[in-house]
Amino acid sequence: MLQILVQGLVLSGFYALIAVGFTLIFSVGRVLNLAYGSFLMLGGYIYYQGAQVVGLPKFPSLIIAGIAGAVFGMLVYRILVKRLSGNVVAVEIATLILAVVVQAAVVLVFSPSPKSMWPLVPGVLRIGDASVTYNIFIAAVVSWILLGGLFLFTGMTHMGRAIRAVSMDSKGAVISGIDPERVNILTWAISGTFGAIAGVFLATYTQLDPNMWVTPLIIAVAVVIVGGIGSILGSLVAAHIIGMLETITTSLIAAELRGVATMLIIIAVLLVAPKGLFGKSEL
Amino acid sequence: MLEAKDLSKSFGGLKALQQVTLRAEFGHSVGIIGPNGAGKTTLFNLLTGEIKADSGHVSLDGMSIDTEPIHERVKLGLARTYQVPRPFAEISVRENIRVSMMEDNLKYMLRVAWDDTGEQEIAESVGFTAQQLDQLPSELAMGDLRKLELARTLATNPKVLLLDEVFAGLTYGEIEHISNLLIERRKTHGTTYLIVSHDLKALQPLVDDVLVIHGGNVIKKGTFDEVVSDPQVQNAYLGTG
Amino acid sequence: MKFIDMWKPALATMAALVMLATGGAAVAQDKDPVVVGYIGSFASDTGLSTIRGAEIAIDELNEAGGVLGGRQIKFVKADTREDVVEGVKAYEYLNDVENVDFIISGSIDDVSLAWLERMAEYKTPTLDTWTSYVGIIDKVVQEYDKYKMYFMNIACDEALATLYIDFGKDVLAAEMGYKSTVLMFEDTAFGVSIAGLVRDLLAPEAGIEIAEEIIYDANTVDFAPLFNKAVDSGADFIYLVSSVRSQVPASQYVKLQVRIPMTGVNVAAFGQDFWNDTGGLGGGTSTLSPVPSVGMQLDDRTAAFIEKYKARYGNERPIYPHFNGFNAYYGIYSAFQAAEAAGGFEPLDAWVEAMENTDIVLEKDGEMWFRYAFWKQGEVEPRTGREYTHNIKFDVTEPFDDGSPAMVVVQWYEDGNVAVIYPKKFANGTFQEPSWVQ
Amino acid sequence: MNSTLRRGIYGWIAFAVVMVILPHVVGTGVTRSFVFAMYLAIFAVSWDIMSGRTGYISFGHPFLIGIGGYTTALLTYHLHWPLFLSIPTAVVITMIGGTLFFFPALRIRGTYFALVTLAFMELIYGLVQVIAPNVTGGTRGLSGLETIVTGAIPNYYLALVVLLVLGFTMWLVIRTHIGTALSAVGMDEDAVRASGINVTRLKLFAFMLSAFAAGLGGALYVHYLGSIAPRALFDVGFLFQILVACLLGGAGTISGPIAGAFFLTFLLEWLRPYFPGPERFLIYGAVALVLYVYQPNGLHELVRNGLKRLNQLKLSRNTS
């Protein structure tokens, strides 16, 4: 029981980390970035190249991956999303095509063979009967720190408040003198960074392979749907619902039903409460 | 005859409409005035069925229509315009009107041919030129969008027409044109109007009775002159000026 | 007819345009080569192993003066991306556009199953080197005339499992004293069928009870709950069956320092790249492997093949071919041996008969070490008592003097070395529990 | 009959004539590619009638196609039903499955509808493998399914007849009042209701038509392939092809998605000799992305704009 609780909590924190960058873009720009999984994949591969091929220390490699994520995020915004601004469905589809293109590029550059990686932090944490790796435990802690930081950022700083204003009412924000372009660029950069860092944790936790963008994207989509648009708190709660449910399904019911359970939640929430459990139009 | 009895609606804690009762005989025309947020648009939404009332009843021609969905109410002859025009943005003026003229059955809708002259007549009746028929709504000015809104409503052949700020944004000449059209139609078709408008001057020649709504309540009912001269109304709505 | 005549110029122009657009598929060849087609993925380690094995054999044959009276072999390839529909398209492309005489395949199970119907239609001699699905062999057994052009030179999964149960009996039960296991397998066709065979045979044959079964989604990222469940069951070891993303359970097993030993099938561990891919976290993994496997001592001819392989591909992965690389190399030799005997790949029946009679025996230290031959129609394998028409002639009983062993068990040690641990005849190492197992 | 309609019908006739002659002028390889192109076109048309105009973007179309395919596969493979019974049954079952799409469409649309349909697809992908794998064949699927006709040319004509009939019917439907009404639904559903139209029935009609095409196409497709596997059907890659075909061609036009399907299939085949490996899919994806971002309304719009410009050019030349 303790084991399920510990694992569920840690996995949930990790899911929150995966989802937060995705939620951010959805709440500010009102677009679904289906290339979000590629942010994670690129983060993972760049970290791998740095830490395991070139041989840089782990921390600088993580920073490089984060920066690359930010740059990639901004490029996607500038080159694709801005051009299609206003057309939500077009953005969704263009980013889906982009995700497939990135996958093909990764196959070309890194080969399709999966690669396992050294954990960011090696070792196993044992709490009573339960055991989790330090790696995912740290991922969950980082997730809580980042989410807390984001919360403070949007509440305390000028730029953060601007992001919040745009997410609540973009037209109103423009009237009050906020430059939505800057806000959008910043959001995509933050999202890219969060995605890339989440990707490093995901890759060190599981492995790298050119298909790895799908799973985190589905997790992020599930979290956003269950949590509701644009609520950080909602995302956090939703990540925990999904994480716990997955752990319970895997441990107590049947491991192969893991994905099925998540899909059922998505369908149920969309049918019963299309706006999600915390669906509001604010951050 | 359109009749609403004790309609109430609240959103969260806000009581948008409380126990509103209203009667409009056929061929009779009622103006509805009140300050912004008084509940005028909510009243329209309840009448057309876009929003479900918390309590109260609506009947048309003596028949209860509480359970009828929007499109059935339209077919029974209850149509409306929107305060902010809602044209179908990517199809032409002609096709906008066509959607309203369609009979609601698949067999009819599977026809390839359409009633060109009928469409043209309706468009021209609200003041569109023949060239404008193939324009997209995005190419139209505000006044023309209001006309389109009205044309689309007229195309459903309504017995009772709910007009929500049809004159806003129109020039004097356009207001006159539309007023005349409405008066003419009332004569020929016996159409009933419920008109929400801020433009009292435009309203005056069109209405028999006026209903004043304030804070979700009907505060005054009477002829145009009775209502505008009422001190309570002047206080609430017109200010002391 | 007049209509056609009238339109002839237009049609000819159109035809020319289409030909141009499709890359001038039918450009005439000066010397009429024999065309061998490859079907499979282009970039996976397994796909590359088959491609390279075939390439080396073809180059050898070409350098030795060609085949079938001095004709050169032309090697063409079609990518399937391990996708079922792409597989069908690739098979059609090889036949319709490239007009291949023979196809060598590095396809996975479901892709082979998909193009199998096209094969029956085109009647193109085809040799599979990767998929071990016994269901395909069953089709050849049941509908010989329809599928007789199909050969598979890897032992089918049923043979693999049969010999693996012996490993359970001889090593896991007799030497290690294990009495119960947790059967942990992925939810794929491969996982389910191997698990089924193990479930049926392990208890009656080897005396090892299955304490618990865990079936998991092939995309599982987190094995911690599964491993915990396995440890909680109180079993002596974990029997893992994993063919997709197999590095994940292997490396997480090490990262989590799971307290009981684990063995079974881990497809990722078939290749020398496994150690790098797991970042050195592959120690403690043991797996059955089709033969010839990584870690296996080689005969002279095969060793020469490996030297060529290394010289040619250097550090490009896979740095050492997977079993199917060997199979492709010898497979090309078998196919052309048959073609020489039958006078070509046509007529089909002559080639099929000749192919059934090919027999490449590899000797090491004066003993048969490995053999590329095929079961003939009607031949019954003595131990399982059934037919395996056109599967490689495998042997599941010591001393393996009828054919190749169906499989060996390889073990990755914590220092990065890999060795064969079973059967004894081929072993150069022993089964070891990881150091963290108490 | 108005002139655009007449011109369109001439276009269809020209298309039909060219397609009928084609197999006699091109090689078997190209003919085979056309068969795949036509099946993709059928699926694209099916997507288009549901999503092209209404704004109900289906990300789960492979779900419908897969239901059709699996139904006939299971009926013929296990129960040995004849094809003339199993295929209509598959179509009916697909239409019943289509109502599963319809329920969310009563409440949600656009992005959310796309996601819930995607969830349907992922769900059934999971379930096919878990539930009764010995019946469905699990991940390996089933192979050795009965084929309707064999050989490239007969299959070409079979697919052609189905494409022409389905495509032309849908194209005509789009040109009736229904097409206008469906476009209007995509722009402002409430305003359509306020025009006195039963939108629910209209959507149901479009969805059923779409499911009909998806079911028929899916059933014939698996009998063409001779095999069926969950990875071939309930897959993001398959969805990607359908979606991109529609969008590249021009959603909501029926003829556009057909052009898009042909373009995509041949793009991939043309690249094969030059880029046999994974580069092919990179180029393929990149071309799709650039075209889509450049003109989100697709080839159809490009052609229309081109013709418009040509006309203007002629006009200005005549006046000057």
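Letters are used for the chains, namely A, B, C and D, taken in the order the chains are written, and counting of residues starts over at 1 for each.
FYI, a residue touches a chain if its C-beta (ideal position, glycine included) is under 8 Å from a C-beta of that chain, and two chains touch if they have at least 3 such contacts.
Because the structure is predicted, anything quoted here is derived from the model rather than measured.
Remark: the per-chain Cα centre closest to the mean position of all protein Cα atoms belongs to D. Taking each chain's centre as the mean of its C-alpha atoms, subunit B lies 42 Å from subunit D.
Inter-chain centre distance (subunit B to subunit C, centres taken as mean C-alpha positions): 74 Å. Computed from the mean C-alpha positions, the centre of subunit C lies at a distance of 36 Å from the centre of subunit D. Shown for subunit A are the residues that touch two or more other chains, namely 107, 112, 214, 256, 259. Counting only residues that touch two or more partner chains, subunit D has 126, 129-130, 237, 278, 281. Multi-chain contact residues of subunit C (touching two or more other chains) are listed as 43, 187, 217. Listed by chain label, the pairs that touch are A-C, A-D, B-D, C-D.
Here subunit B touches subunit D in the complex through residues 48, 50, 69-71, 74-75, 79-80, 82, 86-91, 95-96, 98-100, 102, 104, 106, 108-114, 152, 155-156, going by the rule given at the top. Those residues of subunit A lying in contact with subunit C across their complex are 3-4, 7, 11, 52, 107, 111-119, 122, 124, 129-133, 135-136, 202, 205-207, 209, 214-215, 247, 250-251, 254-256, 258-259. Note for the complex: subunit D touches subunit C at residues 21, 24-33, 36, 126, 129-130, 133, 137-141, 143-145, 147, 150-152, 225-227, 229, 231-232, 237-238, 266, 269-270, 272-274, 276-278, 280-281. Chain contact summary for the complex, subunit A toward subunit D: residues 32, 79-80, 83-84, 87-90, 92-94, 96-98, 100-101, 104-105, 107-108, 112, 214, 218, 221, 225, 256-257, 259-260, 263-264, 266-267, 270-271, 274.
The touching residues of subunit D, when paired with subunit B in their complex, are 1, 5, 172-173, 175-178, 180-181, 183-184, 187-188, 190-199, 201-202, 205.
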